[in-house]
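Each chain carries a letter (A, B, C, D, E and F) given by its place in the written order, and its residues are counted from 1.
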């Protein structure tokens, strides 16, 4: 039994910045993970072909499948075509976990991708919004512990050389600092933070180990607090 | 490996109303579950001894441990003594999941128990606020599927005969309706809904089954959306 | 003296789902009620002509006037043309009460219709947002008691046979459950819930009946609480 | 048929400042109105006896009943005793409309009275929070048109001479300005603004007048927007 | 050392209504101020040429530079072209303070201009959202004292004769009332109110005057509150 | 002309954690700064005398005045006595800037000090809420650039040796990470972040330097965007 995860971002590097650590944690747990980059990444610094190669190297380093939406960079609309594009990815991956931009963001493509994904994923039980450097409002309450995955996230980011070198918004030092900041909020060392759109917690039975806290036999008593 | 759950409520029946289905789901998954009723339930309709027996029957029907805080009903403060009471329950149960009232509620005890539990559980990684009939603001984003546990919840509630018969706030028909309402929001049949104070999603590795969606061998390719 | 009500929805059945009970209550109070379906309902399950006939039967069963906007389903924009369409309906009906989708919704048409109606109704004193099954954020504070109108709402919904049979979002059982859920919040048996955009409460003089609580003569005294 | 209104405030002049115009509108509509001042007004500028006489003159000028709670000024708690005090007033007045302070306020008594009233009025269908000069967060959505009642509100306020003369928070000029400000929001000339805690809109049948907008006979047709 | 301010509005008079007093305060402090009207003001009451002349007179009366964006009135989109237009104004003015519409507004152009400006100003350290008569949600926390600038604001507004005479939304009496209302919130006589998108408070060293509160010499002691 | 700043915290080290960098910036700008520790710091790890000495060393290192409120640690109430204590500090310092805990916090003393300070500072024009490690909700919009003051903040924190060594909540590494995280939000290198309760921006005239952006002479022209 594994989960199937679809992470949606507008541009190359958006997904890695927002939830690269969580994706590494999903892969470590044996979950299938697909990244959908909605545009073709035409407008960032550097040549498009180079950006695509960077994104593929990053997906490879995270051991995730990568799908390109090829919409026009900086001109994404949350219209029926964009929604249909994301719906196809949801069908192909049969995803039961979706990661996507937070809705309030200063980049117009991020806003559009967030809105279109909320539309496309209307039947999915787990939709988590990640933070981008351009996100404007973000009050997270769900966290993934990435203490053992932060290096992997930074490795994936470093694949996006053209962005790291030239965009003020992509700074590995800030990424690590934010992971520490959110880790302190989550009471772990490093964390990624999410705003849940809708999150059905799967309380699957776990195997009972011998050192369980409370024995089954003496469990139904009543106590008064000392 | 099991989770340890502490559910905190001000009065007998608060916990069952708010998260009885989730507690049943935790028990079905093999988790240890303790219910802490912070007061002695002195002020509701019916004699106190009767209410205590009802609460013990309800905990028994949910197969959960019950602890009484014995604070004075209708006079709970979110002060150091109440916080210490809850801290002791947290230590005894080594809980890593806490359920408690939502902070905005028209009952003063509910407000106080919510605030005191947030204080006591400041190092716990999962704190989920449940809704009571008297909750005034509640915008949930985390859900537990209770389709197979609703009957158990209603059974537990029915143990609180003195409340069900005389309190306008305790109505099994409304409990079932709300579970259906929140189920539709969660895209399941019946659900309980929660506002996450802080929720670290544990992405534990699950056993890999033979029919996994994507084979490990052909996973790292790149695709373009059709 | 009657109120004039305009209910605006993107598709056939949206209005019935969101505020069908309130519309029945308005009709029972003698108010004029017009339903404006902004699209032609081209994209849902079933043939368009059938959907239109269903919508007309539903409006008929609620004893309301029905106007079709005939915009393209799934492609509504909150632009000047859509706003003008709604403004015309406001002028024709001289509406002083407007019902419309809540702004945060996973359907793009619902978002657009909500935004366009807020623009068009900028001078109207009562704008109430209703909930759809696809609404994502909804914290209601205004309610209409529909205890005596729920059957009428369900009858109107049942006219939309093609939707009830094939859309996971349209489920009469959930509609009744939500009415009970919101009824409990409103302290009535069944209610529809609304988020007020702007609501001027009309404190019209009511006829004074003989059994008024406090006689006019002894009213101006001062008392101290016992 | 009349409404019964209970307005609750911590100190003399709080109610007049917050909802004096709405109370005048209720009286003009024939509703019974009771003002409950929870403290004895001991701590403001001026002698207590004088303040009490001012409050009684103000209630008289609004033609409302006045009840004194006589709790200690600046030391109100939202505890069971305060809640019981307000419950008694609710029982005596059988109020179905309650006005009270907004919950976020820089005065500790205002916060306590708001919380205690929310508790006491848990079964009341209409609870509206008014704004005080010391309110810190206030996003209103319900309004009462006080264009024909502003003078009455200012007259009532002027009865509180000791406050108007010496408190920086009580300034009739600001009261009129705020009424104009909120009036513009409500699309009327002068308004008082409220945050609804819970508001069940009573759609009582109104008498049908001869010049109704739409005749009953030709009402059930279907139209297409031009 | 001076600040450079860019105020962005959709139509002639939007900027004056929203932050005309603050702009006057900036000019009085020696700051450079530029007004960018994003449309050409084609759709309001009155001829376009007249409206442009009015806007230029108003900018002149405020002693500010005026730039016309010339986009089509009532048809502004928050797309790449609009964002680029605002980016050019930011580059030309090297603005470190930006004023713009609040995001929630019943006018579609206001929403679009707010969103596009948030995108364009993503690297600017101070972005303040002002209120328009059509703003729907607005909870301000930053204020500018305009007690000595209100007349200037009203003078600038009065230049927009065609609007003042014919638009229900432009009413100098309401403007003054709102300034008094927000002034009371800000603890000054008249204020304009803003929602900060992002506000870096510049704690520049001020010249030390002889009557400073605390002498440098005796500053490092410790005291216990009496 | 200088500002007078009062920073209020419940315990030793709260103020340094929350706004130590901003206080250093105020001192660098020549402002008077007073720190009010409301309790005596009795309950933390380490002897009380030692904690007091640490707090005094920290205040000394920040070059700020320190006042002790001496209320009982873990038992602070937002009552009239606490409010009066803070009012005395406000009077003594004639503060026009107040820093204090954010209202939503898992420590009961932090909640009480925040509420009492909001009451005491009801006439102050600038009240900024800082974040503590125990803060539960915090959506900042006002920032102070502390790039040149972070070392000073960390030095002050390091004076609180007993806390740094034994409290999981006080971790200089997290403090630096959060400053980087908020710095990225503020578009500076390191920042402290604040939620403004009320912030009147003082647009004092700055001296006009020769290299001002726009000459006074050619300022009143009109331009059309290229």
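The definition used in the following text is that a residue touches a chain if its C-beta (ideal position, glycine included) is under 8 Å from a C-beta of that chain, and two chains touch if they have at least 3 such contacts.
Predicted, not measured: the structure shown is a model, and the values here were computed from it.
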Labels of chains that are neighbours to chain C and to chain F: A, B, D, E
Residue-number overlap at the chain C/chain E interface, same or different (half cut): different
Separation of mean Cα positions, chain D and chain A [Å, integer]: 48
Chain D and chain F: spacing of chain centres that average the CA atoms, whole Å: 37
Residue list for chain F, restricted to those that touch at least two other chains: 123, 197-198
Pairs of chains, among all present, that meet the touch criterion: A-B, A-C, A-E, A-F, B-C, B-D, B-F, C-D, C-E, D-E, D-F, E-F
Residue numbers on chain D that touch chain F, as the complex places them: 74-75, 106-108, 111, 134, 136, 168
Parts of chain C lying in touch with chain E, wherever the complex brings them together: 78-80, 83, 115-116, 118-119, 121-123, 197-198
Partner chain F, residues of chain E touching it in the complex: 1-4, 22, 25-26, 28-32, 36, 56, 59-60, 63, 65-70, 85, 88-89, 93-94, 123-125, 141-145, 185-188, 191, 195-209, 212-214, 219-226
Chain B-facing residues of chain C, complex: 133, 137-139, 171, 173-174, 176-178, 180-181, 183-184
